[in-house]
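Below are the structure tokens for one structure; questions will follow.
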Amino acid sequence: MTDTRDYDALLHQVHQAVLPEIGRGTVANYIPELADVPPDQFGMAVVTLDGKVHTVGHAQTRFSIQSISKLFALVLAFQRQGDALWERVGREPSGTPFNSLVQLESESGKPRNPFINAGALVITDMLCTNFAVPENAVVEFARQLCDSKEIHYDRRVARSERGTSDRNAAMAHFMKNFGNLRNPVDQVLDAYCKHCAIEMSCVELARAVAFLANRGVNPWNGEQVLSASAAKRLSALMLTCGTYDAAGDFAFRVGLPAKSGVGGGIVALVPGECGVCVWSPALEHSGNSHAGLLALELFTTLSGRSIF
Amino acid sequence: MTDTRDYDALLHQVHQAVLPEIGRGTVANYIPELADVPPDQFGMAVVTLDGKVHTVGHAQTRFSIQSISKLFALVLAFQRQGDALWERVGREPSGTPFNSLVQLESESGKPRNPFINAGALVITDMLCTNFAVPENAVVEFARQLCDSKEIHYDRRVARSERGTSDRNAAMAHFMKNFGNLRNPVDQVLDAYCKHCAIEMSCVELARAVAFLANRGVNPWNGEQVLSASAAKRLSALMLTCGTYDAAGDFAFRVGLPAKSGVGGGIVALVPGECGVCVWSPALEHSGNSHAGLLALELFTTLSGRSIF
Amino acid sequence: MTDTRDYDALLHQVHQAVLPEIGRGTVANYIPELADVPPDQFGMAVVTLDGKVHTVGHAQTRFSIQSISKLFALVLAFQRQGDALWERVGREPSGTPFNSLVQLESESGKPRNPFINAGALVITDMLCTNFAVPENAVVEFARQLCDSKEIHYDRRVARSERGTSDRNAAMAHFMKNFGNLRNPVDQVLDAYCKHCAIEMSCVELARAVAFLANRGVNPWNGEQVLSASAAKRLSALMLTCGTYDAAGDFAFRVGLPAKSGVGGGIVALVPGECGVCVWSPALEHSGNSHAGLLALELFTTLSGRSIF
Amino acid sequence: MTDTRDYDALLHQVHQAVLPEIGRGTVANYIPELADVPPDQFGMAVVTLDGKVHTVGHAQTRFSIQSISKLFALVLAFQRQGDALWERVGREPSGTPFNSLVQLESESGKPRNPFINAGALVITDMLCTNFAVPENAVVEFARQLCDSKEIHYDRRVARSERGTSDRNAAMAHFMKNFGNLRNPVDQVLDAYCKHCAIEMSCVELARAVAFLANRGVNPWNGEQVLSASAAKRLSALMLTCGTYDAAGDFAFRVGLPAKSGVGGGIVALVPGECGVCVWSPALEHSGNSHAGLLALELFTTLSGRSIF
């Protein structure tokens, strides 16, 4: 498993194995734009730190990254706020579904971590304070990370999402009630729905997370995005909190830091080696891509590339 | 950081750095035997897979391993039950303190993971089914893992613990009510309190967890304790669930699979490299050793030995 | 509705109206002795303060009073402890099912009221402190209240109940953990299961609660059981907490202080006028007698005897 | 206690007894208009069904009725919706503070009862559907009930309240997410804050609730506001749910159907006899008037006018 041709063979093998599972599960259906995505698609990309790209399936197809944008938002906010960020958001797995209000109530409006919706709203609130047009800041940041100018968010998706965001509005108002939201709820929700509507392909996303596998340095332009220590720490956070209420199971089965989205994408990384992204729109019950999860499990089993 | 002398220097450096913190926090005080342990002790040991032992401080002093025994109990039960074990215990972080009943109530008596008390009681119940004298089975297993005949449990500690186990009794009866306990509650609690009262030193514990860093093979006798895959998976579980309600923070700061106990011990492992154990009796608010946690954080920061 | 013949006519009318509903619902089935009771039985009794007895159906058949015994236990404990009792048990509706542990956890082991199981266990613990054989004290007290020597508890029912009391054991250990249980858990559970197994008929129960309608004075021997004020207050508690998690609905529909049991009995009272008891074994989802609830609702609608 | 002069003497006696307690507690301080009300005020009024008015203290001073308006809103909605109303709001005590979201989450957005904030928001949503200007409908209804044209709501109070309504907004969005709110959240919150800002005096409020003591008939114009049965049932709901999380304690101590507001007012009624209102701005920890609660407790103790 040391020369690059292996990844091509490995991705092919993974693809073949998960073929019967592609399309199983349920496509996110709370907005028409996501509901209409054909479920029988599958793509996967591995981008090594030297820039080699390995793909299988629809790895160039752009999809709605949804919650994966929480990762970009978090890194961007962390660049500005540093560890002060943790005064307003925790670092513990939530133990409850990603959109629960119960924990907020018992913990005085401080979300458990930045990857549950409540936490991502607080992070977005920080971006609203730091940037005039926060969604554009996230888009621009994603562009730099994946070295492509072609990243945009889909205005229709953002608008649809905004129209069905009562639960997020409930959480935002609730946190504002506790003093943990500084900007107007409407403004935070607007920015949040827009950065969740960013569209990227597997290749672009695998490129974009490579800096986390590279001690915080963007391999495409040499910039230090985060310190090596911070990159490791955010990777740890992805492992414990990145896949909704299934993070423990994901760590158990896959063993890689990862972040998933209800658009069916999952990004992951092998420290020191590569960024990975898999996409398949049909979700299992926790909101993670069903075929994507299986593909990543196979990826680590076959390659021995777990971090453990 | 590749030759073994480095570990000696590293442990010395860690020890010096945490000296002012040793004794800060609170020694577990719910039973006299733990309350009477002098808080100003500190030991740390690293045992590499080739058997070299590096120590600092009271690394040969035996202490009550308490919840670290849950790890041995889990591996022993997993050897007998395999993945069927997960039908009765989950693999997710709990999101609530380690001895909470709330989650049991909302999840029909299935504990979130085998490292919270409720989960360890179910694991112990399995051992009660599989072994005539389950506590002896755990002791014997620990002996094999650390290659020492001298491991015992402290009967006075077990008896004291048994006398203050109303909360564990509550959980056990509650799970029995849901059908998730097969043996009499008293028998399960007896075995549980006894294997928690096992006494081991940092050196013995670092030796005992080395098999998890060695693809499941006991380095001291060559036996395959777990499959390589199972060893990785249990390591992942330690990372996400091994340090009570602070697992997310622990992963963030330390970045190693670990298991802690209220006796002040924490075991950890660097995959492919070594077993580690630190001990200092005074605990921070989550029930983990205060100085031990800092020492492990320094250990990974200084050595770059995080898994991320 | 002022002469006594009216009650006979009224009971007849109620009986006719609920006939099609008798047997609907589910007989308590967690112990064989209750599961085997034929569901198609119905009895009702009204005993006015001057001692006149009005009945319909199986009003002389004895049945397992179950949670109705919590009322006798409470009055007996209150006689000894007075208002100090409320330091260990609250007076608020629980808002959660009668056997929930969640509220105990968030409220430090103090049960919400004496009519949920946890509260009745604390009351029974008080009786264990005050009486050598607490179940006999409850039996004797029930005898005095209904003016009959023939009251006993059924040892087989008590034994069966004791064998399936894991949830109650969980609550008892949990409260003991919080310091809110003084006697050994086993002793409290024994006494509790025994006084719940008391057997009485509708006539006996209607007679037994008459003192609450009579300003605290036992109408059959003139003894002041409780002060007038305490009798009113306990009646209020029955209204807000006496019928499990359906107390609000019960107050809304029936409008009388009442206490129900899973044996299918419900006692109620019309202040200044009479004690009432209805019995029919099949229960609705909250654990109250289905036909009994309808009968009481009709009783107040037809008679205008609600307290509101 | 049968001639009307008794009420004058009784009110005087109550007033004297509570004098040292007036001003104890905390005036609601989340908006300046309430925070600025001098705490050392006290008024009480009894209006018998024949129209006789008995008062003591500041019984003619108008104050912000706040949550007492939930009672008027409920009756108004019930007139339109009848029992269909209960499909969207429960009738059980909440068992948790009046503004909790936890219960909403576990019960799919159906509030426990119409007197907690969430329930009152659903009721207000119904009024938004039934009336062009719902707050005016509530004002007009209050005018009819107390037979006065002079009732208004305070626009400044409404505006202030609207500016601090994040928690209510959270609940409204949350219920809308569950489909239990039909109108725009902003519209519902506007109407809610306005009808809570209605100002009335003790005399006016005691007159306004008299119809509930009069079998549903408005004593001042003979109109049937509610059926006799519905009036009794709403009275029962006031008893079990009308005083926030202290309803059980209130029923225990006072024993009358009542509804309180954070403006310091409490309305109550003695069925068949009179409407009652007490007002004193300083609140105990549950949000009920401290001196008002004591006054009502004395009122029933001294008069024997509890319903039990």
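Letters A, B, C and D mark the chains as written, and numbering starts fresh at 1 in each.
Assume a contact is a pair of C-beta atoms (placed from the backbone, for glycine too) under 8 Å apart; a residue touches a chain by one contact, two chains touch by 3 or more.
Keep in mind that this is a model prediction, so the values were computed, not measured.
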| item | value |
| --- | --- |
| Relative to chain C, chain with the most remote C-alpha centre | A |
| Rounded Å distance between chain A and chain D, as computed from the means of their C-alpha atoms | 48 |
| Centre-to-centre distance between chain D and chain C (centres being mean Cα positions), rounded to whole Å | 32 |
| Distance from chain D to chain B - Cα centre to Cα centre, in angstrom | 56 |
| Every chain pair in contact, whichever chains are involved | A-B, A-D, B-C, C-D |
| Chain B partner contacts - residues on chain C that touch it in the complex | 100-102, 104-106, 166-167, 169-174, 176-177, 185 |
| Residues of chain C that touch chain D when the two form their complex | 90-96, 103, 112-113, 229, 231-233, 235-237, 239-241, 245-249, 251-253, 255, 257, 271, 301, 306-308 |
